[in-house]
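Letters are used for the chains, namely A, B, C, D, E, F, G and H, taken in the order the chains are written, and counting of residues starts over at 1 for each.
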Amino acid sequence: MKVLITMGSDSDLPVMGQAAEVLKELSVPCDMRVVSAHRTPELLFEVGRTAHEQGYRVIVAGAGGAAHLPGMLASLSPLPVIGVPVKSRNSIDGWDSLLSIVQMPAGVPVATVAVDGARNAGILAAQMLATSDDALRERIISFKEALRDAVAEKAKRLAEATEH
Amino acid sequence: MKVLITMGSDSDLPVMGQAAEVLKELSVPCDMRVVSAHRTPELLFEVGRTAHEQGYRVIVAGAGGAAHLPGMLASLSPLPVIGVPVKSRNSIDGWDSLLSIVQMPAGVPVATVAVDGARNAGILAAQMLATSDDALRERIISFKEALRDAVAEKAKRLAEATEH
Amino acid sequence: MKVLITMGSDSDLPVMGQAAEVLKELSVPCDMRVVSAHRTPELLFEVGRTAHEQGYRVIVAGAGGAAHLPGMLASLSPLPVIGVPVKSRNSIDGWDSLLSIVQMPAGVPVATVAVDGARNAGILAAQMLATSDDALRERIISFKEALRDAVAEKAKRLAEATEH
Amino acid sequence: MKVLITMGSDSDLPVMGQAAEVLKELSVPCDMRVVSAHRTPELLFEVGRTAHEQGYRVIVAGAGGAAHLPGMLASLSPLPVIGVPVKSRNSIDGWDSLLSIVQMPAGVPVATVAVDGARNAGILAAQMLATSDDALRERIISFKEALRDAVAEKAKRLAEATEH
Amino acid sequence: MKVLITMGSDSDLPVMGQAAEVLKELSVPCDMRVVSAHRTPELLFEVGRTAHEQGYRVIVAGAGGAAHLPGMLASLSPLPVIGVPVKSRNSIDGWDSLLSIVQMPAGVPVATVAVDGARNAGILAAQMLATSDDALRERIISFKEALRDAVAEKAKRLAEATEH
Amino acid sequence: MKVLITMGSDSDLPVMGQAAEVLKELSVPCDMRVVSAHRTPELLFEVGRTAHEQGYRVIVAGAGGAAHLPGMLASLSPLPVIGVPVKSRNSIDGWDSLLSIVQMPAGVPVATVAVDGARNAGILAAQMLATSDDALRERIISFKEALRDAVAEKAKRLAEATEH
Amino acid sequence: MKVLITMGSDSDLPVMGQAAEVLKELSVPCDMRVVSAHRTPELLFEVGRTAHEQGYRVIVAGAGGAAHLPGMLASLSPLPVIGVPVKSRNSIDGWDSLLSIVQMPAGVPVATVAVDGARNAGILAAQMLATSDDALRERIISFKEALRDAVAEKAKRLAEATEH
Amino acid sequence: MKVLITMGSDSDLPVMGQAAEVLKELSVPCDMRVVSAHRTPELLFEVGRTAHEQGYRVIVAGAGGAAHLPGMLASLSPLPVIGVPVKSRNSIDGWDSLLSIVQMPAGVPVATVAVDGARNAGILAAQMLATSDDALRERIISFKEALRDAVAEKAKRLAEATEH
């Protein structure tokens, strides 16, 4: 029941590492790998075709510009693939990354999150695994409650600061 | 282990019905409901907060324009939510629907598919459930093989037609 | 006859505080609250449903990215809601914030101002209240005259500087 | 307590007439006028400067392309101005109309609704007047309940149709 | 035979001053004025209606965001109006300024140049006056030759630097 | 004192013919020519370099897609060049035509009008010639008055139709 | 010295067939194949890795939406790959197809032509082969002359029609 | 068998120099020249018409804003032209450069690479020449293998760093 986090380049690590972080917070095991659709196509094929045989249940894939990694993994693997559009140095403000990932043809979905939204990709991967893991779903519920409480705390502080 | 398909308006049915169709092809049970984030907020709340207690494991939500249904369900429910941007009559070519759904803030992901990509939303829902259901994963593998064979068949016919 | 200013996150305060400032200049009372559509949905509901019972007559709501706060408040409250698209760190240059707020479906309007246009949101809130408050309308007329005079002063200085 | 509905051209009438319709449903009196910022600038000035002296309390203004009517009326009048971007024949899919109306500079707000969203402009005008008119606010609350009931009815019919 | 350079705010001066500079290089007299369509509408009207009676033959107008100054001057004056979209602090990357200026309705043209293209606005103004001034046309021809020679010089230096 | 109207393809004639029409209404002589920047570069050069020697005082140029005709004529000729972005069959909604024409580098302006705005290009050409032709300026003033009267007439009819 | 034309789906044939047509006009042999990056990834790999061993010297690849075929072929093959963004039914006006193809990362170019520009892809393929084939370059020169003559002919007819 | 690298301005050199670098790595001779479509049209014509007679077999052309250099060279020369959209200071985030280069009309292709993608332009030029040069194709194959190995090395280091 592991998650595989892949990225097109190690320059995507500052963004994609956030997926690993949140999975750790939720106690979901994951591995990280650099796989470039365009520079290591053989590796792409091998990873795409064998991930589900190696204990992975969800793939997270981040890439920038003409981002083909998530879509090609979705083509090769029966696992659900979560795509993270990365606003890399060469991207046109993230538009190319987003459209290259989300606009997949019928038959081959990629579950796309926001530009640079790797943290959400990790949460989504956990939610997918939680479809059959009640304890994990409870941890997700607690996680959402903690989000709510953090905002409530900030809200309270703002209210106090602006009150007279 | 059911999927809940929701849509903001019954005018979204021609698009969103494709999610139900593909789930039927994959033998995954689902229900369909009209829930408008903007016109029936109470219903939205009730559905969002209780879906996971009623046997649903994945939510699919389609909406157009300033599309808030998928994001609000993701806010309320611990279940994974798949968002379908619908290119409705009032949408600016689908850009508003897409951005309103995919650009969710950290902590609350929506698994976004292509504009009008409801069929892919259904497949993705099945893939999520298949993370713990080997038989379903096998059906998904067969489904992908059928896709491949259909293209191969067309490819062959084109090759024959253009060959001399 | 108070205005309620809400924002999705306290990181929106530098922008949204400008609405409070201009309301103060116009002697219109207001309160500020952090309410996150995605992280504190229960609070959203409570605020949306009760604001008009607590003496508020206009709601100003700012949010970034897939910005659902203004639209959901407009769904829940009978009060006029003014939406401020915030160009937050995660926004695609403000396009997502703008479209998520302005493209509301028929029946549920949000009065949208420019990206980061919180000052204008405050002025607009005052104009709404002035529909039944002649003294406030007089203050708005004076406010506009001051704007005009400030530009006229700059125009004069430029004319003098470039004249020969 | 009347609403003034203006439009840049009589070709905008099919869209802008929807503002008048919904105001009639809500029993709010209104007048309609063609005023072109670019072709009848004198009329624009006269209307902008005198509307508040003629019993109007809100201005609704619709225009397409480089749409200057709402912003110029907001410049001239102390009244709140609601802008409707019209997707006219010469518009680039409504983008020019939307940006020309919503991106007003600090000091001169226009309350912008969705592209072709004249019906929402009418509702918003009524909400503005309701800030001091409890009976009108009650009618708006009923109006929203009717919206909710219409969706609930459709939701029910869909549920029955897809149930087994 | 003077050119009138107008701008919506003195913050546009660093850009708009470039129009004055190039007109000086071409020995075409010009005046500069701050005129805000939204904050000084009376001044706008006066300038628009009287410019042609005060010896001006071309108007250059720069503005940012929802930029109405060029279009309103074109509405009021029989003179040709050159519009400069300014990428101001509040502009969405210049898109709003550009579309608000260029997409004018039939009957009221604005001669639009590139975003922040004030230097070109000055050249264009000179070209318009040169339609009846052979000496000025000769200066424009020399000006273009100087441009060509400057590039040719750079080209030569690059050729020498990269040659072996 | 003639105007030269050029277009990249005879398929642009329905749009570009409107420039000729309005020039005829204003009694300004003009000629029309098909000149393709990409298919007839020699003709482009000849026309660009000699137009001002053949009695032309303004060039109007329309083209679609990657529209290089206006910019190249502006490069070659000392005359003012008015560019009309044409929304041709291969254009991406006119965006490519517009940006290819308006975003000219410093030194080489093109006076750009709205997408498909050939009628405005004709008016603008007349305004340029009127910088030294008082009788033509009077005709332009009358032309604008006729526009105003036509709108006033429509406004009156709408007022009568909606009055009670 | 053959060209391989590939497309993601047989629905792309009306567009992509134009590449074959123009190659035929230029007497350059070509084959056409349907290869889907997402539905037949094995075929993609085989074609990409072996095309240069089967006598092909240039690959033309057309695809729509999140178009990965051209980029993946460029990843796998040492041959130059020409990408044709196809404005398919599911594309957002061609933007997704264009950006998915053109924005390739450093090291793996795709020679991108206009949206639906398959005819140009064919010409470009011929130009690439002509780098070492003088006879073919001569045919390309004649081809361009024919283009020029066709435009000249139309230009002449327009001149005659509008002359007096 | 040389490549000619051209650019609209010497300010494009930091980007365009990357094309020369990669050609050097691949042992393909090239020359660099500044040629401005808009400022040195005569030079443009001369270069475009004679490049193929001077031993050049491919042209690379980079330009920003309304970028006409690649398209005009493609119009004038029978050689394949590779266009590099440069995100210059005056460009609207590269959109204008990209669309001005890629959206060429039927008959006159430009092989467009990514915004600022000059390195890829160099690789593509080499690939074109390799259509008839087996030794160069071998060098390209080695080049791609080196790319793959570099990514594999990074992938390995990341795997080691994140392994436990």
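By our rule, a residue touches a chain if its C-beta (ideal position, glycine included) is under 8 Å from a C-beta of that chain, and two chains touch if they have at least 3 such contacts.
This one's a predicted model, so the numbers in the text were calculated from it and none came from an experiment.
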Those chains that touch subunit H and also touch subunit D are E, F
Check: chain pair from D-E, C-D or E-H whose contacts match over half of those in B-C is D-E
Indicate the whole-number Å distance between the mean C-alpha point of subunit A and the mean C-alpha point of subunit H. 34
Could you give the separation in Å between the centres of subunit E and subunit F, each centre being the mean of its C-alpha atoms? 18
Taking each chain's mean CA coordinate, subunit B and subunit H are separated, in whole Å, by 41
How big is the gap, in whole Å, between where the Cα atoms of subunit A centre and where those of subunit E centre? 48
Would you mind listing the residues of subunit C that make contact with two or more other chains? 9, 39, 65-66, 90, 92-93, 95, 98, 102-108, 110, 114-115, 117, 144, 147
Going by the touch rule stated at the top, which chains touch which? A-B, A-C, A-G, A-H, B-C, B-D, B-G, C-D, C-E, D-E, D-F, E-F, E-H, F-G, F-H, G-H
Could you pull out which subunit C residues touch subunit A in their complex? 9-10, 13, 20, 31-36, 39-40, 42-43, 65-66, 90, 92-93
Subunit B contacts subunit G in the complex at 93-95, 98, 114-117, 144, 147-148, 150-152, 154-155, 157-159, 162
For a test of understanding, state which residues of subunit C touch subunit D in their complex under the given definition. 1, 52, 57-58, 78-80, 82, 98, 102-115, 117, 119-121, 123-124, 127-133, 137, 140-141, 144, 147
Subunit B contacts subunit C in the complex at 8-9, 36-39, 41, 45, 48, 64-66, 68, 71-72, 74-76, 90-92, 95-96, 99-108, 110
